[in-house]
Each structure stands twice: as C-alpha cells, then as structure tokens.
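Got some structures for you, see below.
Next come two complexes built around chain A: one with chain B, the other with chain C.
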Partner chain A sequence: MSERQLFVLQRLSALVMAPMVLLHLGVILYATRTGLSAEAILTRTGSTWLWPAFYAAFVLAVTVHVPIGVRNVLREWTPLSRGAVNGIAIAAAAACLILGLRAVWAISGWAA
Partner chain B sequence: MTATDTTAPVPATPRGGTLTVRLWRGDASGGDYQTYSVPRRDNQTVLDVVTEVQRRQAPDLAYRFACRVGVCGSCAMMVNDTPRWTCRTHVSKVAEGGTITVAPLRNLPVIRDLATDMTDFFDKWQKAGGRFQGSATRDEPMAQVDPSSKARRMADAGIECINCGVCYSACDVVAWDKDYLGPAALNRAWTLLNDVRHADQKGTLDKAMAQGGCGSCHTQGNCMRACPVGISPTRAIAGIKRMSLLDFIGMRGR
Partner chain C sequence: MSARRHGSYAAHLGHRLSGLALALFLPAHFLALGLALEGADTFDAFLAFAEMPLVKAAEWGLVVLLGLHLFFGLRLLLLEMLPWRDPSDDRPALIGWGAAAALVLGGVFLWGVI
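Our next item is the complex of A and B:
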C-alpha cells in the first residue's frame, strides 16, 4: 500500500471517527452523571443491535486509523528500521481489532 | 521587506559608531564564530556588512550573492538565528545591542564559511514532482488560461518562489527528518497541480504525497512566517493533502 493510500485511509477513518467520538463521549457523560450502575448500562447496550453495531464500526475505524499514526510517529522519532516500524503498526492494528471486538462482544450481551 | 523611502538622500559615509559582526567561519569539518568590527552606515544591509568584511578584513571569507536587490535568492543566511535574505535585511532592523550574528543557512551542509551546498534542496524539487511537463507541442495554439479561475489564482499565490532556501532552513521538520522534501519543493508541486498545462498531474500528486512528502508536514508554519515574498507553503501543502483526498474518492475538480 502506498504512502498516499495510507494517508487517505487515515483521513477517511478520522472523518468516520469524529462524530463517533462525540457520541461516545456523550454516552460516557450521560452514564456517569445519571448514576447508572454497570449492570444497568450493559442491559441498555444489550437491548438493541444498534449499540454493538455502532461500537463495532468504531473499532474498525480505530483499527485503520491508529496503526497508521503509530507508524508515522515511530518512523519520525525512532531509529527503528522500516520493517520493524511496519511490524509494530500491524501489531497495534491487531491489538485494536481484537481487544475492541472483544469489548463489543461484552457489551452486546450476546454471550449471556 | 521594508519599503524604501526614495526621497531621502543616500549617505555613503559612515554615520558614526561601529557594528560588531559575528561571522561563522569554517567548513564541513567544523568551525566557529569570529568577530569583526565594521563602521556603521545608514541604510546598511547585512549583505553590505558581510561584503565589507570580505573586501577589507577577511578576503578568504566565502559567501554567496548575485543581484543584491532581492531578485536572485542567493544571499540567504541565518541572521541572528533567523533565515533571511541578507540583501533585504537592514542592519538597523536586526542589530541587537550593536551586534549581529551571521551563519550559513540551517538544514544544508556547509561548503565553507557562509556558503552552503544546496544540492539536496534542488534534488528534492525533482523528487516532489516539480518538473513541468507540457501537454501540447509548439504547433498547437497557446493554452487559454483564465487568470481569474480558482486554480490559476492558487498557482499564482505560490509562483513567485525564487528558490532561496529560506523556508527550507526555517523548517523544523526538515531539521529532524532528512527524507522530508521541504516547503519550497511542495509549494512548487502545488503550483504545477494548479497549472492546466501540466500534463503529469498524477505523477506530481503521487510524488508530493509519497514518503517524505506532504504527510510529513506538521503544519508549524515556520516556512510561511519566514518566506521573504510572503508565500505560504503551509497552505500549499494543505491544498495538496485536500486534493489527494478528493482525487482518491474521485471528486477532484479542476
């Protein structure tokens, strides 16, 4: 994949994430300020497929966005080889995807 | 740049007092500042001072200049740690306590004293896709370019660059990332991307967005602040990024 494609993917994923971050922050503020228990929150997130779908899309956007940024930072600020930097970026992508989808699974209530 | 008062007489004689000048002397293997004293004159530019030192005190001083009037772009140096055209920098504007410090341009290898090797700087113009490629032959009619079109106005905003290297020297990203093409080269690419006569649009866009291209810019704006002719390479780079995104999703308009 060319640098230009990576750049565009990072920007497009940022475009997707921007409103999602706002909604996610809104959810956090709402949940904490209204004193909802963890159980009550999980009941609500598991009550419809929309919440898991929203967070799954969020996780996918993060999986695209984060490793490209990590790669840029490492390449600019560390003496690591290109291969090492790419390896770390792919590992970061895998971590975002696996941990993120695991969390989506947890709030979906489908395991119960 | 300062406006010149054309009605004032130009005194050629010293106006009294001396100026302390610290000039960087050395070569690629290293060097240090040496201090000289020069008579203070009215309307004295930093280039005048360097020339006076070279003519009267240090004939072996190496520096570069040609036109003396801000057209050629060869006399850029660090003046008190800021890259400037020395010919258009009046001593009265930059002397701090009767002292000025002049060094070779930052981010470029020194050849000797105040002269730098600008090979990298010019090579990067080519790497950024800065070579014009015509789309017509001499037998075809001249291209009709509407000067008021949006693309032409954007090209015009950057077209006055004279390759002096001031922005390249001011850029911190160039300082820490040797692959970065720098503001001048990317500004050049932007003017071509807005030139309807330039045939290799895709090639220039790809090169300007390749590794070391626009993606490496941190939008710090030092180039824009330092440019002696008021060009904003920062805006050019932002324009290329936007164009690249629109091109990718098939929405690049001309």
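Our next item is the complex of A and C:
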C-alpha cells in the first residue's frame, strides 16, 4: 500500500470515527452517571443488534486508523527499520481487530 | 518565533501523544470488555476494581485524552480540507477551543462519578 493510500485511509477513517467517538463519549458519560454494573452494561448493549453493529463498525475503523498512526509516530520518532515499523503496525491492526471484535461479541450477549 | 514555540506544535504534540496513549490503552480496554465472556461475576469484579479512586482518575485522563485527540484531529481535517483565505490562516483559535472542549468533557465525567 502506498504512502498516499495510507494518508487517505487515515483521514477517511478519522471522518468516519469522529461521530462515533462523540456517541461513545456520550455513552461513557451516561453509563458512569447511571452506575456501572455488568447487568446494566450488558442489558443496554444486548438490548438491540444496533449496539453490537455500531461497535463492530467502530472496531473496523479503529483497525484502520490506529496502525497507520502508530506507524507514522514510529517512523518519525524512532530509528526502527521500515520493515520493523510495518511489522509493528500490522501487529497493532491484528490486535485491534481480534481483541476488538472479541469485545463486541462479549457485550452483544450472543455468546450466552 | 521558533517552530516549537508555535501553538500548532503544542497541538501536534497533544494530538500525537494522546493518540499513542489511546493506542496503548485500547488492548487493555478490549480485554476488560472480553471478561463479560467469563460471566457477569468476573465482569462485576473488574467493575468493582474500576471504582477505585486511582482507576477513576485514570479514566478521567482517558476521557480527556479521547476528547483532545478528537478535537485536535478535527482541527487537522479542517486545516487540510477547507480553503485557506490567507497563507497565515491556520485558525489558531481551534487549538484553545479543542483543549477547552476536552476539559469540559472531563468535567462532565467527573461530575457524573463524584
């Protein structure tokens, strides 16, 4: 993938995520205000398929956005080789995708 | 003026460091949510740990960092996508407004948990 494509993907994923982050911040503020318990969280997130769908889309956008950002920082601030930087970025993408979708699965209630 | 004394450099550092911190936090966040797979009791035990004042302070920091990254990122998108009326038109007010909005989010979070 070219640097130009990574640049564009970083901006596009940011545009997609901006409203998602605002909604997520709203959920955080609402949830902490109403009390955090497993029952409260899982009842809310499992009440409709829209929450898991929203958070799965969020995870996909994060999987694009985070590795490109980490790669930029490592390229500019560390003496790591290009191969090492790309390897770390791919590992970051895999971690975001696998752990993120696992978390969505966990809060969806579909595993129960 | 040295480039590093410019407000935009502070915004660049704030955006970059908040992004790095959030990237490091994300795996832990996902793993914590994954505890729900092990049952409500395990998840509740983690949530009880998250009620500790130090953890709440860290959560406050994460909310502020997420807000900073969002608003400084939106500023970048605006700078890159909107037309510049003048070569010096770098919209410096967006930096202060972004930082203030992130702190307001942190304040609302604190108001909810205290």
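What we mean here is this: the second predicted complex is superposed on the first by the 111 of 112 C-alpha atoms of A that agree within 3 Å, B and C clash if a C-alpha of one lies under 4 Å from a C-alpha of the other, contacts with A are read in each partner's own complex, and residues count from 1 in each chain.
The working rule: a residue touches a chain if its C-beta (ideal position, glycine included) is under 8 Å from a C-beta of that chain, and two chains touch if they have at least 3 such contacts.
Being a predicted model, the structure only gives us computed values, none of them experimental.
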| item | value |
| --- | --- |
| Touched partner set for A:L42, first chain B, second chain C, both or neither | second |
| Which of chain B and chain C A:T32 touches, first, second, both or neither | second |
| Partner chain in contact with A:W105 - chain B first, chain C second, else both or neither | second |
| Which of chain B and chain C A:V16 touches, first, second, both or neither | neither |
| First (chain B), second (chain C), both or neither touched by A:L97 | neither |
| Comparison of chain B and chain C by chain A residues contacted | C |
| Chain B versus chain C as contact partner of A:A56, first or second or both or neither | neither |
| Contacts of A:R4 with chain B and chain C, given as first, second, both or neither | first |
| Contacts of A:V66 with chain B and chain C, given as first, second, both or neither | second |
| Chain B and chain C contact sites that coincide on chain A, given as residue numbers | 11 |
| Residues of chain A that touch chain C when the two form their complex | 11, 14-15, 18, 21-22, 24-25, 28-29, 32-33, 36-39, 41-42, 62, 66, 69-70, 73, 92, 95-96, 99-100, 102-103, 105-107, 111 |
| Chain A - residues contacting chain B, complex | 2-8, 11-12, 72, 76 |
| Complex interface listing, chain B residues touching chain A | 176-177, 205-206, 209-211, 213-216, 241, 244-245, 248-249 |
| Sites on chain C touched by chain A in the complex | 16, 19-20, 22-23, 26-27, 29-31, 33-37, 40-41, 43-44, 47, 50-51, 59, 63, 66-67, 70, 73-74, 77, 80, 105, 108-109, 112-113 |
